[in-house]
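First chain written, first letter: the chains are A, B, C and D, and each begins at residue 1.
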Amino acid sequence: MTTLPGPTATRRLILQGAASVALLGLGNLPFGAAPARAAANDKYPEEAFKQKSEADAIKALYGQTAEPSDKVKLDAPEIAENGGVVPISVTTTLDKVTSISFFVAENPSALAASYTIPEGTIPAVANRLKMAKTTNVVAIVEADGKLYSATKEVKVTVGGCGG
Amino acid sequence: MASSIRVRATANGDITEVQALIQHPMDTGFVKDAKGELIPAHYIQQLKFECNGKDVFVADWGTAVSKDPYVKFSFKGAKKGDDLKVSWTDNKGGSDTITAKIS
Amino acid sequence: MKRSLACAMVLALLLAFSFALDVAPARAANEADYKTAYSAAEAASKEAASLRHQWTVTVSVLAAAKKAADGGDFDRAVAAAREAEALAKASIFQATTEKEAWKAMEIR
Amino acid sequence: MKARTSILFGSLSAALVALALTSPRVVAADKVDPVADARAFQNFFFQKFPDVKHEDFVNGPYSMNEDMKRQWQEKEEFPPYEFALDAGKEMFATPFKNGKTYADCFPNGGVGIRQNYPYFDEKEGKVVTLELALNRCREANGEAPYSYVKDEMASLTAYMAFTSRGKPMDIKIPDDPRALAAFENGKRYFYTRRGQMNFSCASCHVQSPGERIRAEILAPALGILNAMPIYRSEWSGMGTTTRRFVTCNSQTRAVPLEPQADEYRDVEYFLSYVANGLPISGPGARP
């Protein structure tokens, strides 16, 4: 079931987008106007993986902000069976997809994984991620140079009765 | 030693579905060991799939990818019997590679 | 059924009694007080272990008592030893009551 | 210190509540009747969860909750215990220093026999579990025994369980008073409350299976060992039956017994016997 991001999530994305744009002015981000990440670019996005917040990571990776789209179908559990192994997958009906990335908002660093989707590869990925706590999982799809996103909150807590 | 990569690639029609499970600790660098010292970060950074001489899928991973990582994707343009080369490198310079036949 | 409720009552009484012990000594505890409190706690803990019903908290509080004593803080050491004894006694009570009480839960 | 005693009173009140809750039971004649016990045990779960297919009970929490079942099925596509399984197969094939292998110690070369373990050894007069038999095989061939809670033992039992997948559990109780006593001792251990939390295995796995215990869903006791050994995401590693018993004990703040203690062997005997007829589903993946 795709959950359209609630108004709060969109506003939050835009707000964060605005905040990071402001930061740009301070020259804090080394390469503000980084070119959209070309598909063939094999370089490991070291900088993006260092960013703490989700907006900064998106900025470092793609150099632009994403807009929510119901063409991006993010599949994640409601309550994670275990924070260490959370099965998350995304499919999309968008075409000319060149990259798909996953962000876990409140993890130590938001960017979890980023996939290059060359020509001829189906724009869909399934993987298992670690989540520090209950937070939003954001999937970003780069299609034809523009960014589309889907967000879903996943509840995470420990198991067992204590000890 | 058996390879650290288990891969299953099955072609039906023009679409080949690929599943990979890799044996790797994927340490985040935030976890302490029994003696209370931090276990240094040790995680796969890049995982590449090549078929017929072309990259069909490249994964850039951070520390948030689960231990013994798993990934599934599909791609077009390959057929039964083609070779699928899978290789990964981690932040400590470790690496492994395997070539599997698409069944 | 009535009988098992009665056992629970006794358990409550026992705990209340051990709880009261905490506040008894007025002057600062010294090594001798610690030694007596610790040996009583250790005996109860050994008995709980022999009944194979030892609690992890008994072991850790007993260790805390010893550590406090080694550090010379006998007030804390005596309090910890007393609590360890209470925990050990509670686990012994649990072991003896459960000898029969388990049947109440059995699927028949 | 105050926190600790408040927990103590907390556990006391929990005990009082639990005691009041247990429905009144007439004290049964103390003649041990495993067949009746097994039938009553299975019927309890079949009636409590009428829409769970009988063979599904062996999938533990996943038979109780759809969202968890979906996450499990995604994991099962390429399960995390694959490595332990391959390691076990390799270990089974590599001969000991004296040239023998595990296959020489077990009937049918150790393939497809897991459903008969644990069994009652009439010579020894005690229950012998699969993990114990494996270590005895190693010692008989001059090899050091493996730890009962570490990966090597889990890999061996994972491989042996895999060779029995789908076969119904088939535990036998010979007409020997010591076997009946072992069964009864296992049953007693299962229902006895322990630890400061004052829980027994039944408090969680009989009174509230299907309910949440923080992030996890409690598994029903019926068929709970059929999936052993399990890869637990929480341990991010394999777990043998012994490791599961030891961790359950420490979670209720009870000091665990030594691995393969009589009580552990007997409770494994009891739980396996009452699950007779349900399929072996090991090795399993669990939260």
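By definition in this document, contacts are C-beta pairs under 8 Å (C-beta built on N, C-alpha and C of every residue); 3 or more make two chains touch, one makes a residue touch a chain.
Computed from a predicted model, the values in this text were never measured in an experiment.
J.: Which other chains touch subunit A while also touching subunit B?
T.: Both subunit A and subunit B are touched by D, going by the contact rule given at the top.
J.: Name the chain pair with more contacting C-beta pairs, choosing from C-D and A-D.
T.: C-D
J.: Round to the nearest whole Å and give the separation of the Cα centres of subunit C and subunit D.
T.: 31
J.: As a quick test, compute the distance in whole Å between the mean CA positions of subunit A and subunit C.
T.: Each chain reduced to its C-alpha mean, subunit A and subunit C end up 53 Å apart.
J.: Could you give the separation in Å between the centres of subunit A and subunit D, each centre being the mean of its C-alpha atoms?
T.: So the centre of subunit A lies 40 Å away from the centre of subunit D.
J.: Which positions in subunit C are in touch with at least two other chains?
T.: Residues 56 of subunit C each touch two or more of the other chains.
J.: In subunit D, which residues are in touch with two or more of the other chains?
T.: 80, 236, 250, 253
J.: Residues of subunit B touching 2+ other chains?
T.: Where subunit B meets two or more other chains at a single residue, that happens at 67, 70, 72.
J.: Between the chains shown, work out who touches whom and classify the graph as line, ring, star, complete or other.
T.: Contact map by chain: other.
J.: Every touching chain pair, please?
T.: Touching chain pairs, listed by label, are A-B, A-D, B-D, C-D.
J.: Which of the residues in subunit A come into contact with subunit B in the complex?
T.: These residues of subunit A touch subunit B: 40, 42, 44-45, 49, 84-86, 89, 104, 107-109, 111-118, 120-122, 124-131.
J.: Help me check something: in the complex, which residues belonging to subunit C touch subunit D?
T.: It is residues 1, 4-5, 8, 11-12, 15, 19, 49, 52-57, 59, 61, 76, 79-80, 83, 86-87, 90-91, 94, 98, 101-108 of subunit C that touch subunit D.
J.: Would you mind writing out the residues of subunit D in touch with subunit C in their complex?
T.: So the residues of subunit D in touch with subunit C come to 1, 4-5, 7-9, 12, 15-16, 19-20, 22, 24-28, 37, 40-41, 44, 187-188, 191-196, 198, 200, 202-203, 206-207, 250, 253-255, 257, 263.
J.: What residues of subunit A sit close enough to touch subunit D in their complex?
T.: Where subunit A meets subunit D, its residues are 77-85, 87, 89, 126, 128, 155-163.
J.: Which of the residues in subunit D come into contact with subunit B in the complex?
T.: Against subunit B, the touching part of subunit D is residues 77-78, 80, 82-83, 86, 90, 236.
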